[in-house]
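Sharing a structure with you now.
Should a chain be cited, it is by its letter among A, B and C, assigned in written order, with residues numbered from 1 in that chain.
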Amino acid sequence: MLNPLTEDASPSVSPLRPPSALRAVEVLGASVVYPAADAPVQALQDIRLTIAQGEFISLIGPSGCGKTTLLRVIADLEPISGGQVLVNGVSPREARLARAYGYVFQAPALFPWRTVLANVMLPLQIQGRDREAAQAIAREHLGRVGLTQFEKKYPWQLSGGMQQRVSIARALSFEPRILMMDEPFGALDEITRDGLNEQLQQLWCRERRTVVFVTHSISEAVYLSTRIVVMSPRPGRIVKVIESTLPDERHLGLRDTPEFMQMAHEVREALSDGHH
Amino acid sequence: MSTPTTTNRQAGQITALVALALWAMAALQPLVWQEAADGTRLPQYLIDLPPAWLAVLAGLAAAGLGLRPTARRGSWAGIALSSLAALGWLQLPPAQASAGAGAGFWLGVLALGGLALLSVQRGAALEGRRGDQALAPLLFGLWVIYAWQLLVVALEVPRVLLPPPALVLEALRSHAALLGGDFVQTVLKAVLLGWAGGSALGFAVAVAIDRQPFLQRGLLPIASLTSTIPLVGVAPIAVMWFGFEWPSKAAVVVLMTFFPMLVSTLAGLKSAGRLERELMYSYAAGYGRTLWSLRLPAAFPFVVGALKVNATLALIGAIVAEFFGSPTSGLGFRISTEAARMNMALVWAAIAVAALTGSLAYALLVRLERRVAFWHPSVRSR
Amino acid sequence: MDTIDPRSDPKSGGRLLPLTATVLVIVLLWYALTVWLNGPGAIERVLAPKGPWSWQDLVLSSWTLQRPVLPAPHQIAADFWSSLVDWPIDSPRNLLFHVAVTGQSTLLGFAMGTALGAVLAVLIVHSRTLDRALLPWVVASQTIPVLAIAPIVLVILGSLGFSGVLPKAVIAMYLCFFPVAVAAVQGLRSPQRIETELMHTYAASAWQTLWLLRLPAAWPFIFPALRVGVAAGLVGAMVAELPTGAQAGLGSRLLTGSYYGNTVQIWSALLMASLLGLLLSSAMAALEKWALRHRSRT
């Protein structure tokens, strides 16, 4: 039966370990060391984390804690110096070649010479789908983020928030099982950010993809996630993993409830704990 | 996200293997065909030519090193051994134009080609030390000159078509006085004076019309027009007005350098930021003071940039103006008349002088730019 | 002392008025200069033999002098016009004939140089060896007077049996090659890290990254270089016509004009060359505008 033991480094209450078929990401003692002139920098030290399918995981921590590094390691954008990482049961490189995930960067990274629709079509074209099919799929995903009427516009004609929504539509257009997001709303103002948070949460609720989300906003992490991974720097490590007690369907008003504030408080404490 | 270093390494190993095989084959084939007294041709093999042993051994060693992935010392050793093999091969009779080349000779040449590729590749892969950036282009240039020397002599290319570098150096040495006179005529007189004059004029006019936006709007379109006109076509007209000698070439250069400097200075004067200008305004600084303390210094990067561009334009302008405008001495004159006389070695020597002048002048101006415009982002980020 | 009020930045107002005013002034100055430069010759050859002369006579004869030192604008215009309409198009007396000859070499050389430059740029961007060993030479060659090699190239190609358009096109080619290659390398490398990483997450091949990202990103860099290249190619084509004995083409026309002291012919040839250069550059500018029409103005 299910083994109540987990490999998470946290001493607090840990979730049950899901069976391997449902594990989207497994990080088994991964370390990343950057060689530097005076002393090597330990960006990640012996990280142990298991992410089940359908979870919404937030990685939160101060700058230098390695949260972005961890995300990039899973995405095969950076190599690990030790340990092992498995995505859908295979190495990150094989997962990338199998197009298992979509990645959303901090900036929209839309190509200025392509229309909005053409930008969403980009990964589909690379994967070799023919033009009509790609257009239809892109149109549908653009609709899911509510930007259908902008499909013929160019990226620089859209606001920052809209560009980021296009970027999300693009990441989802080929229906990857995993979505990775690196502080996608960090450059936007708070009001736009709140709206996008709500949209993302509803999207996840509908589609139940696995999401790994990097942020340094506590309220964003608590609002969006099913599990929050708190990290701390020097060396980069996991301090605590907090299971969310909030319901799956959420709206923005939730942020004023005592339950929400209790979670935020827990996260905040874990963050300051990690500081010492 | 790394460059395909593995494919590079594999390509290098294949090249090394091929070179190794070629050296082995060269050892077995006749290297040289000697003319005997009775008119017959006698083959000479590797065993008969002691100087070639060193070359082949060095070449084999270099190819062998190429098979293994090596770091800095190995790469340097490979480069040194390849150079040794190359120099050795150059001593063989076919490369000294004293006998015919055999199949073995050519196999060795091909093997050297492989070693050249390998050494350049290894040189390009080095990094970390200060001189590393310059190694690959230097190696590449040296191998090109080597190939030029070897192939032109061994293939018996007619000298009127392409003389070997050794001959060009000889021409440089023996005609040094002549080329020196040409240099003075073209560079020191036409280029320098024309460049300085044209740039100064462009600068002065720009400052003069700085306060006349009307004039600027009228002149700038004309200035951009002249950049599309083949201004060297003015050379015959300049000859008519200023005679055959260097003043007419200097006049062409002045015309060519005037407009780029004008445009750049105007752009530079405009470049002082709005905030900085408002600062001077708040100090109740007059036009002259603002010009001197803010706008002129802000314009320096643009001015020096235009000086760099103008240096190249000036050299080209003076030389080509001499093609068109029939002087009696000068680098352009030397090139065109000696080319017509098929005296190619001297032509290449003159070109070498011109090329060296161009790159040295540019390097000097880059130095100047670093000192004068050290604060500008385009210079700073280097 | 008046101060520069930064609040009153002069916006660029109408261009037409200042331009026409400047051109008008230039033309007037030109006519005045004509009198000054042609005057001595006019006096010596036309007026003095006829007896006493007045200022009007001087001015008039300066403006209509044969073999003037400085032709008046109307003389140039007249010669220009007559060469276009008075002779059939395939006659060497018609400037359009020379335009065709020079234009042919320019365009052919430009096409070859651009293609070569683009191919080399793609290779340099994808190969570390070429990047380190070859690129510095390409960049350095912009500081040396490459046009000086033209006579050699012509002699070599001539003795190898090539004549006609090809040698001239070769010279135009290597003049176009350098600016295009350097700009293309710059442009192909212009995508930022985030964009190349995006392609990496899509597991895109090097070819796909080149076609979908690097090449579109490179166009804003390549087009200005095309403008420079086509103008350089024109100069190269004209210079290439000189050693071949001044047979045909705008460059040779300039040369024959100077041999025979036919000033007006030189000026009209120069005018035609300028118009050709203008036409080619404008064509490139229009192409650039069309190709980059959807991009933002930054």
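By our rule, contacts are C-beta pairs under 8 Å (C-beta built on N, C-alpha and C of every residue); 3 or more make two chains touch, one makes a residue touch a chain.
Everything numeric in this text was worked out from a predicted model, so none of it was measured.
The touch graph of the protein chains shown is a line.
Of all chains, the one whose mean C-alpha position sits at the greatest distance from that of chain C is A. Centrality by C-alpha centroid: the chain sitting nearest the overall protein C-alpha mean is B. Chain A and chain B have CA centres that are 52 Å apart. Note on chain placement: the centre of chain A and the centre of chain C lie 55 Å apart, centres being C-alpha means. Rounded to a whole number, the gap between the C-alpha centres of chain B and chain C is 23 angstrom.
Each of residues 77 in chain A touches at least two other chains. Among the residues of chain B, those touching two or more other chains are numbered 1.
The set of chain C residues touching two or more other chains comprises 197, 200.
Note for the complex: chain C touches chain A at residues 194-195, 197-204, 208, 212-213, 216-217, 219, 294-296, 298. Touching chain B in their complex are the following residues of chain C: 1-7, 9-10, 12-15, 18-19, 21-23, 26, 37, 69, 128-129, 131-137, 140, 142-152, 154-156, 159-160, 196-197, 200, 231, 234-235, 238-239, 242-243, 250-251, 254-255, 257-258, 261, 263, 266-267, 269-270, 273-274, 277-278, 280-281. Residues of chain A that touch chain C in their complex: 75-77, 96-97, 99, 101-103, 105-107, 109, 111-115, 122-123, 125-127, 154, 156. Partner chain C is touched in their complex by these residues of chain B: 1, 3, 5, 8, 120-121, 123-125, 133, 136-137, 139-141, 160-162, 213-219, 221-222, 225, 227-230, 232-234, 236-237, 239-241, 274, 277-278, 280-281, 284-288, 290, 311-312, 315-316, 319-320, 323-325, 331-332, 335-336, 339-340, 342, 344, 347-348, 350-351, 354-355, 358-359, 361-362.
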